[in-house]
Amino acid sequence: MNHLLDDGPKDCCGVFGVYGHPEAARLTYYGLYALQHRGQESAGIVVSDGHSLKDKRAMGLVPDIFAENDFKRLTGHISCGHVRYSTTGSSLLANAQPFIINYAGHSLCLGHNGNLTNAFELRQRLEREGSIFQTTMDSEIVMHLLARNIHLGFEEGLIAALGELKGAYSFLFMTEDTLVAARDPFGFRPLCIGRLEDAYVVASETCALDLIDARFLRQVEPGEVIFIDKKGLRSVKPFRRERHAHCIFEFIYFARPDSNIFGQNVYMVRKRQGAQLAKEYPDIPADFVMPFPDSGNYAALGYARAAGLPFEMGMIRNHYVGRTFIQPSQDMRDFGVRVKLNPVRELIQGKRVVIVEDSVIRGTTTMARVKNIRQAGASQVHMLVSCPPHRFPCHYGIDFSTKGELIACHHSVAEIKAMLGLDSLHYLSIEGLLNSTKTSRDGFCLACFDGNYPVPIAEGTGKFCLER
Amino acid sequence: MNHLLDDGPKDCCGVFGVYGHPEAARLTYYGLYALQHRGQESAGIVVSDGHSLKDKRAMGLVPDIFAENDFKRLTGHISCGHVRYSTTGSSLLANAQPFIINYAGHSLCLGHNGNLTNAFELRQRLEREGSIFQTTMDSEIVMHLLARNIHLGFEEGLIAALGELKGAYSFLFMTEDTLVAARDPFGFRPLCIGRLEDAYVVASETCALDLIDARFLRQVEPGEVIFIDKKGLRSVKPFRRERHAHCIFEFIYFARPDSNIFGQNVYMVRKRQGAQLAKEYPDIPADFVMPFPDSGNYAALGYARAAGLPFEMGMIRNHYVGRTFIQPSQDMRDFGVRVKLNPVRELIQGKRVVIVEDSVIRGTTTMARVKNIRQAGASQVHMLVSCPPHRFPCHYGIDFSTKGELIACHHSVAEIKAMLGLDSLHYLSIEGLLNSTKTSRDGFCLACFDGNYPVPIAEGTGKFCLER
Amino acid sequence: MNHLLDDGPKDCCGVFGVYGHPEAARLTYYGLYALQHRGQESAGIVVSDGHSLKDKRAMGLVPDIFAENDFKRLTGHISCGHVRYSTTGSSLLANAQPFIINYAGHSLCLGHNGNLTNAFELRQRLEREGSIFQTTMDSEIVMHLLARNIHLGFEEGLIAALGELKGAYSFLFMTEDTLVAARDPFGFRPLCIGRLEDAYVVASETCALDLIDARFLRQVEPGEVIFIDKKGLRSVKPFRRERHAHCIFEFIYFARPDSNIFGQNVYMVRKRQGAQLAKEYPDIPADFVMPFPDSGNYAALGYARAAGLPFEMGMIRNHYVGRTFIQPSQDMRDFGVRVKLNPVRELIQGKRVVIVEDSVIRGTTTMARVKNIRQAGASQVHMLVSCPPHRFPCHYGIDFSTKGELIACHHSVAEIKAMLGLDSLHYLSIEGLLNSTKTSRDGFCLACFDGNYPVPIAEGTGKFCLER
Amino acid sequence: MNHLLDDGPKDCCGVFGVYGHPEAARLTYYGLYALQHRGQESAGIVVSDGHSLKDKRAMGLVPDIFAENDFKRLTGHISCGHVRYSTTGSSLLANAQPFIINYAGHSLCLGHNGNLTNAFELRQRLEREGSIFQTTMDSEIVMHLLARNIHLGFEEGLIAALGELKGAYSFLFMTEDTLVAARDPFGFRPLCIGRLEDAYVVASETCALDLIDARFLRQVEPGEVIFIDKKGLRSVKPFRRERHAHCIFEFIYFARPDSNIFGQNVYMVRKRQGAQLAKEYPDIPADFVMPFPDSGNYAALGYARAAGLPFEMGMIRNHYVGRTFIQPSQDMRDFGVRVKLNPVRELIQGKRVVIVEDSVIRGTTTMARVKNIRQAGASQVHMLVSCPPHRFPCHYGIDFSTKGELIACHHSVAEIKAMLGLDSLHYLSIEGLLNSTKTSRDGFCLACFDGNYPVPIAEGTGKFCLER
């Protein structure tokens, strides 16, 4: 949730849609604003008044893209919004979603959170048959599959198209008069439905419902396709039932702590991760506990409480850190880290400090921060990580899709401890992590920890496989 | 320090200067970045290569104003930077500082933190004598006084000009070859000096020194004028010695917690304010303590520790809140507050909550936040404020310069408690506040609490007195 | 050629391409600059370095779109540029050309001058077969036809695609390694080839060759497809030979007077049109002759010489007239005309004036200008038009595609004379027009004058037939 | 009048003001638009509603600076506008006029056309007395002189201030409730008054009156100061009467041909210059006469008529030439000239051509154009210049203020003929020039031809004398 502050993993996307509200586009703006942590590269809103689609999409953050004037133009009662951090497809405006096509007199738009694992072979087949692709996004493939099946009618054609897909998807489709939410049979990514007065709202996380004061109705279920139009809401479950494979990293890092996903509150799960750490590592000798704010805050609170240690906020954030910051031209020691978080020397000097961190992906930022804590005079620095070591890439939509990026893929815990300059380093166990979620191993995708991929991975499924 | 997040008071300005570094402008960029919390309306950097001044000033935040290219142009070894939130003078680009004049073949620039109390009468006198003013800033007056005294030489002329001023100022002057730091005899606003290799650095707060890895040397003393040129640093104390009147609100709210000002660390003072609250109000019946992040964090930690209550972070910040946010067109209940902070319902529901807040100025934001906490299901909401009630306007540079803006000016604590919808409301006492700073009453300006103004206030000294 | 100055007809497009020059994009910038009169709505340049395409396309004029920096990025030795005034397809950036597609690992781009007359039926067929269109431009159809024929190889596939088209086209195609110029069998629009050192240059008009100092080689012949790649230039003529149907309006109005098109110089043809007018109408009683600058200059010169009357430039242009001019809020008599051309009262007062005008399409601008001349004191105003009355819409790429826009479609010459407030009005005869070009009737399309359409027009071929 | 098209001299400025019209700012926009040829660097409009001034000033052309929205803000019935090409003062936004000061509770603005010859000594004196200058413009000096004399009242103070000035000025002043037009006693620059309904209009040239359909009333007389307020128009002539010294170069080049200045129409004067050339040089052997459009058009017409030679327009302008054009990176022969004007080879080839040019200042552009004509195949190229050789710099507001810029200052006519590559070169005589204006030698400033300066020139009065 802390993307401006570190170089950790980035999620791919968030979606938000409305059916049946006169200010659909404006509500979507707020919804995307609340989901901004799920994608900061580009954003877009498409709106329909029942007859035609209007859109605005651009690179950048939601509040930088949209201005009051846009909403004078984006009139309509159905809308589909998207925030994106590229997973498949490079960083181009053309790849900004929602993606719109005009097809035989009709318009269709699509927002996608997730990653298809058979994108490459599907696209090859379609191009052989004469389809021309506009983007490098795997999402576009769905549109072409639908165009080739449209003779079945929109609903049947869409289900036929979805039936050819493999991998992770939480989709939001919109035509001139219908909003469709669809989630893959494994349920990798979250997706929920809410109500605001007579309108339906679909969102990646519940924090987006909260912001517009919508009421949480239920999750879109894995394998469910929901059509919403003037006749109301219609649910279809046309696919083979699969075991659930919710992304556990949503709990550890991605989702906002005030969201409920996969049936639980994220803040509470994180505090339990911290408490679980205290159970697994009860005897760390320390004067106080502190997080690297804000993503580590909640596990740190849980740990400090359970371990009976004081909790401090010893790193002060610069509230104005943004993405356009000018880098120093000459060598300034650990500048990139210090500009975001400055340690409070008076607090740290001479003290034994426990850092609780949510995850260590590449390790470079963590290394610099630990060094900073040491320079502020800490006598000992211990680190507890509220998840197991990341040893395997993700192919379902998270931005660490090659092994090369993962420090734990190439190094033992002892080596990492030494590289990060720590006095001790401990990771939460897989069992401990599952305990904190109160769910069985079968409900989650743990592939990034154990390499056990719920959907098989084809060769050549890397991030750039659709680009030349 | 939390200006993006609430409607609390805003400081007027921050200054940052460098003498003797080849990348003076770039260092100033970083310094202003670290001081951004002291002013978000405009920013500027003026640089000298020993022969002529170059500048860039604009409305907006430091990272939005400056780009890499600017520093190719802003070459020189002396620089003077400023971030501004208007106190005197309206919001115009022309009023962006540092303010530059060209005078008889020389250039002079000025950055100002503070507020002059005899600005109106000085300007009237100068205009009668034929001076033409370019701006509505009180800072310009100093330039004209200097121009009328320049026959005495720059140093003597400047001291003569400063001698006519009354009120609060931490000034940074720069000519083609000299950097000057000056602080009023009462020392209302902070100002310090550091060293980076052979260069001197002057800054409003030490957090700006930390960012560029400069070493803290000492404070500029109240009533001191420091000239830095190729001959080194030269200190002059030409004015009558006065008792000190440091702004205590810098400790409570303005300064960054990682800064040391007036000889103490801000984080530590705030924790002691919290502990002091626990001493004054030991028996609040509660399940946990929480702040409104981030400005209330430190006093809340201090209180929770001293009171033996759990500390939680029950309000989740949206990390992307900026100033261009589009307001809802229709009525959305407490939207403006919810977009910044969303309560974690699972944590709060059915609980007795203590909020520790740094200050309550107008009360409108606080009221909405308390309502939000109640809507999340809190059974009781108590509030502790880590300073006394604000009953008097500030005339020394803080943005609550009329009584009308202060809720405590017109209402008793009991009335405020009712208006805010609280179960109980308690303020820190003046004595408790002074205890937390370990300094005597004579060292501080407490005028906003007790109406005791160290420098007398003339009629017509409101914010807009220099505008027509 | 005078588009900033009046509301006359606008041409649809200009194309410019380079093969084999290290500064291909920059040369194309200059070429488009020289062709700006052929389209002011949008412009674009696509460049290839032999391996991949880079592009810039935007709404606006060529010098406003491109900056020096663009050419650091647009590196390569092959380029394809386009200026556009929309004929088919509405005014959207997405419709800016050259149009690029990525197809099965290859890129292809296309610039089009002309208008297809069977666009609607081709697109309907392709959509039925599952093709998804990105734009509303008829040009995109060619791409899909090619994609469906690509199994024949690029060259054969392209010829097969072109073979399905009806109407007017001067095409420029570019792949990673090949530049292709193609002109429809009737040769409606001009297209020529030049050489600059070892490079080949393709342009709509020769004035673009002049600007970059390229040597004119020859016209691309009607029905010819020219492939240029590292093996050199290869000409193919795969289509049935048709009679030529050059657009005679290029001579009258569109083309720049310094261009040679269809084998003749435009300036010289226009002077002969003026001389022809003097032959047909020898006895106009007048003190002097004047044009509405600049488009009428050349026929006016030719007429004045042949008629033995003085030539004057009695309307003074404002050199800074652009498209963003703010209209008067209150009623200002004929302001829109006066802002562009101001009559010289001292010259006109009390005089009998002959205006030679190139064409009268809608008549509104002409009416206001005549009124202006009268207000400046002219005792008589006669008008000679250097072409016959426009009675029929154009379907081959010129922007008067409905009868409603044409004053001569609904009114006799006597009526038009009265409407325009003239003392006399005379049009050049079709025979006179053909005499001025020294070419037979069979070489030209005269459809706008005589309704004789060389390529039959399908129902529903209006400008917006591809939009919903 | 032809500034986009060549590198000839540039005028300094144009002014336009309105008193008593509800749309004063909008009328001023149109007025400045018509005067754009007098200054393309920056423009500004200041408007008063009787109580306070509002303004917009920016670098660039009038239509690029102002948008419809500006006029919602710029409300009022009095206005003062300015277009500027810098004479004294460098190219900075701060130097954009009208220049505004706020003085002791009042506002005053100023637009200036001309150049003061005692600016340097006046500014030195004022700075010694403690005045701080905001700009490097000589115009600011008037403001400070007024501020020092304001105790006499506005009218008397302004006359006292003007009385200290030497050199050329056509001033437009505006206070909250008064518009003032003032012209120096020699009358170097034009200035006229018109009426539009009940409003008064002041403009540099009459073409600006024509555009808004205002009626020409009279010139502001040399040495006259006109105050316009709610009591009406009041004329004062407080200065010693001097002989007139109208700038004859306004007739030759600057003023628009449709303007009347100094009592005569510019188009007619230019035609007479051409006729005078035919009288002085009757036997040039030529096939036709042509101008370099547009500034040479009128003298060329006059010459062709008187000499009995055909008139042709053998150089075709690119209508889209603007200032942001990207220069060729590699050597392209005479590109900068060709991009603006392209010769019509079919017309010129094998012909003896007479070029009539308005003036030859530096000669570089002329040289390239002549070369272009030769490359188009001309067998002979003769040039006639419609004024005498420029041998002396101008100190009264025209942009050739040093001798170094003037080709005729260093070379004989024979040398210039050789340098320009001409077969013959002839200049109009001073007597011939005066004949064309039908005015005596005493009415004009001919200093640029004969070095006879009406107002003595101080040392150090070059363009940059007020900058360091």
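In this document, chain identifiers A, B, C and D correspond to the written order of the chains, with residue numbering beginning at 1 in each.
Note that in this section contacts are C-beta pairs under 8 Å (C-beta built on N, C-alpha and C of every residue); 3 or more make two chains touch, one makes a residue touch a chain.
Not measured: the values here are computed from a predicted model.
Participant: Using mean Cα positions as chain centres, tell me which chain lies farthest from chain A.
Facilitator: Result for the farthest chain: D.
Participant: Approximately how many whole Å separate the CA-defined centres of chain B and chain C?
Facilitator: The mean C-alpha positions of chain B and chain C differ by 63 Å.
Participant: Indicate the whole-number Å distance between the mean C-alpha point of chain A and the mean C-alpha point of chain B.
Facilitator: 37
Participant: Take the average of all CA coordinates in chain A, do the same for chain C, and state the distance between these two points in whole angstrom.
Facilitator: Computed value for the inter-centroid distance: 51 Å.
Participant: Could you pull out the residues of chain C that touch at least 2 other chains?
Facilitator: Residues of chain C touching two or more partner chains: there are none.
Participant: Quick check of your reading of the touch definition: is the inter-chain graph here a line, ring, star, complete or other?
Facilitator: Contact map by chain: ring.
Participant: Just spell out which pairs of chains touch, all of them.
Facilitator: Applying the touch criterion to every chain pair yields A-B, A-C, B-D, C-D.
Participant: With touch defined as at the start, can you tell me which chain C residues reach chain D in the complex?
Facilitator: Per the stated touch rule, the residues are 1-5, 23, 26, 29-30, 33-34, 36-37, 40, 61-64, 66-68, 71, 207, 210-213, 256-258, 260, 265, 267-268, 294, 297-298, 301, 305, 310-313, 316-320, 322, 324-326, 328-330, 332-333, 335, 338-339, 342-347.
Participant: Please output the residues of chain C touching chain A within their complex, sorted ascending.
Facilitator: 52, 101-105, 124, 127-134, 143-144, 147-148, 150, 468
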